[in-house]
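As written, the chain order gives the labels A, B, C and D, with residue 1 at the start of each chain.
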């Protein structure tokens, strides 16, 4: 067994995951909802609870949860990003033993119901076509950095995608293709840099549009993608005019044209199968910076 | 160990689950996709494979899969329901050893992408706000029965819901409430009875609208729900004018108003928590028939 | 919209799912745990809550939960089956408006930790190699029926399994095989018939052993399985000497030998791939009765 | 839209996830299985596929998969760690365009079946009580580093755990407790440093034992844990005599004693409920280094 004095603590982070709640805001009879899932993690300036069993500096995760709920009640949730900023600032200014705080906020995608085009005053439907999230983090004496992003955004184009001219050797069995289905689940996360006075909702919506446009190309003809990498590049080039750093992860799903020759049929790419059921075949992660 | 002759086989059903594929249909440069997940199950007229290890009547699940793919290639998927009917009829007419066939088809909710209101010719986004499915089944010499439905439809109303006047005894701790959040995941399945010449797409869309209207009530004021049961009743009454039998399962999620008294705050139902994270608190299943 | 009087209610069942709790029992310093997940569903003698919004007969699911917890506290959980019986009997004898009650109990598979062969007095490890569950149900004036079972039991044999002599036609592409991997997830549920004085723990353990023996065959040579169906038959024959009815569901996973010819290698069935990742290829459900 | 020349690529990693296969090894009639899930990720020395759509340096993920399968066939899987090392070395020595390679290998926990104590020659049962994994990574011209670990290890002790003397303020509502249930899911990952001639199987088994002992304490009395942090410390101190760096993540599940006062009962900590169903309440990550 090692001795405490021989051990260096590199990282000691803890916090509350999945603080999930709904914040209801009323304007007259009209209701607005934000249901969120919050994770708040802390690093303390010392590790006595870990090294000596002395808990005197530890803020219980139950208290962390209470603080998040109290801030939601007092401030409301104007934007996810502002709420994450509020939480970080509260911990940094209230607790001198906090060396670092990080808060992740994710939104349940409730949309207002419409009946014959008329918005309903208090009814909502869950429409998970891309989940909005944000993150704020701060080290003591450092800037408060804000990130935002979209995840679980599933897109498909049924043509204008290929993969040719790749490296080949004796282990290569993949044929070259210039007309395949491109289908993937996108995760995009960008940094706003130091927290300033952004219109977070407006930028988020514009970036979501950019992603769709860059993925799909013009509506009447699309745009040829020579690789997943180039598609990610196209998405990033569209977005990097708006933000500083962007990370895109594309977990793609391969669709293979079913060979129907032994069933006596010619399959003109009409019937395809996912080669992996719900599991990504390729994982591609690119982090780029506006120079 | 029991003897074979002492044993009666009550049910012996087998089949292929999760035959998942994408059927691409092209009209000029415009692409249409149906990605589906099919399960086809069979009962044979005898059980020799089970009782004696004699496989001569067994249609391998690999063959079942091939047939489903071939039918998709040859017929296309005009509607989910027609495709399920095609599959059942194929098995019933091709294999005299099939006593019963059941086919379930579920659709991956791809929607065409739009850019500034213009539909894209070959790009799609996955929007899972209610999954469409259908089922067809047939016994030899019996009618072909068609079911359709919607599942994973998450709805919420933030007022106009209560639960009062229920049965009470010494184990009752639930308070009466006349203004609570109603939130649930709906599963609705209805029968078209014997297969006739229905416009399946049109009816499905109308029933989906009915469900939303019955759940939410008028857009300007909603409609008070005195229980989950009455809400399901309201949904069923709206739909039973269109179909014969309907089953509704409501797995609701409870939202409890967070008590903030010990935190020095009055919570006017603004901050609520799911009492169970992603787990249904109540399961309600009602099957009704148009008399 | 249909009228209430035109509608017949075929089934109206509700209840509380996932009442999950841990019951700690102490004998001196030695601790015993049963962590269970309980679902209790009811049918009432009338449907006024559904038809008229009159809740006076409705036992809230919150009360159902309280009763389950109170019974656990008062009676303990001697066996899962006895606990399910207790719950059913409580509802039937306490509430005259209950027409039918069903209770499902499932156990979290905690096992006592051992250090160098010595059992620990209060530490446990979760070992999910087959989940034990039971079910009890009763209609008013009917017998109380008890079921028990095991689920999520994953088994594999790497030889002594084949599938030959099956039905073939133009859609058959599956080759005959006499040496394949058999791998599946078993669900077995049996009925004890009317509730009598059984040693539920002892029988459950014996049946689990029977299943393993019937699946695997003798340890030194195994036993050839000509089909999944015959393997299920073998399992059922072993068990039907002990119980009256048994249902077995086998969701198998196919392992295909990887073709390495185009990579210049001969694969002597050494490298195989699941054809479906975590998704069952074949689903087989057989319900048999001791005649 | 940004210009390519204005963009700096910080990270561009891609690879194949979930290469899942089974390697069968035979010694006479006795069979040995290793079913693994492999992820292999690469960084290339340039990003032309991303920047210019030039794929000439890209090794397709399909080729990555082939290589992993070929190495499994040729070398077998003596230990997970050796297999991960083989894969990294293959990519580093074969492809000069690879700047970095990382391979993760995780094992499906098949255990040999025993009948009356006799090991079966070819039958196995899946026993997921802690999943073994390893990772190997290498930068060009850098050392090959090997990690190993265990995950999804669920442990519980029903006493000898408390949490007192923590920091309190107006948002604190958590009571102090000196006898609570401690239950969590452990993830432990350690580094062997540069790859040397370790007996990976032996060390892994010893470390697993250490973890159980440190968590549970002596079998006849246990050992008091004043916090999750101190329990993690205890685990790390036991292990850091054997390896250099260790990261432990404890996602704990809170069990709250059910208040039964309003049901007229005194609950002597006999009935507890998970406060979150299957969701970790607290996440604790500590990374320590042997100085």
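Operating definition for what follows: contacts are C-beta pairs under 8 Å (C-beta built on N, C-alpha and C of every residue); 3 or more make two chains touch, one makes a residue touch a chain.
Just so we're on the same page, UniProt names per chain: A, B, C, D = Uricase.
Bear in mind the structure is a predicted one, so any value in this text is a computation, not a measurement.
Chemist: Which chain is most remote from subunit D (Uricase) in terms of Cα centres?
Modeler: Farthest from subunit D (Uricase) by mean C-alpha position: B.
Chemist: Determine which of the two chain pairs, A-D or B-D, is joined by the larger number of C-beta pairs in contact.
Modeler: Contact tally favours A-D.
Chemist: Measuring from the mean C-alpha position of subunit A (Uricase) to the mean C-alpha position of subunit D (Uricase), what distance in angstrom results?
Modeler: About 23 Å, centre to centre.
Chemist: Nearest whole angstrom, what separates the Cα centre of subunit A (Uricase) from the Cα centre of subunit B (Uricase)?
Modeler: The computed centroid separation for subunit A (Uricase) versus subunit B (Uricase) comes out at 29 Å.
Chemist: Round to the nearest whole Å and give the separation of the Cα centres of subunit B (Uricase) and subunit D (Uricase).
Modeler: 37
Chemist: What residues in subunit B (Uricase) touch two or more of the other chains?
Modeler: In subunit B (Uricase), 18, 66, 70, 171, 173, 263, 276-277, 279 touch at least two other chains.
Chemist: Quick one: do these chains touch in a line, a ring, a star, all-to-all (complete), or other?
Modeler: complete
Chemist: Per the contact definition, I'd like the list of subunit C (Uricase) residues that touch subunit B (Uricase) in the complex.
Modeler: 1-18, 39, 41, 47, 49-51, 53-63, 66-67, 70, 94-95, 97, 163-167, 169, 171-174, 226-230, 232-233, 236-238, 240-241, 245, 247, 251, 276, 279-291
Chemist: Which residues of subunit D (Uricase) touch subunit C (Uricase) in their complex?
Modeler: 18, 20-25, 29, 31, 33, 66, 69-70, 72-74, 110, 113-115, 118-129, 153-160, 181, 212-213, 215-222, 255, 258, 260, 263, 265, 267, 269-274, 277
Chemist: Which residues of subunit C (Uricase) touch subunit A (Uricase) once you look at their complex with the stated criterion?
Modeler: Residues 170-171, 173, 262-264, 276-279 of subunit C (Uricase) touch subunit A (Uricase) in their complex.
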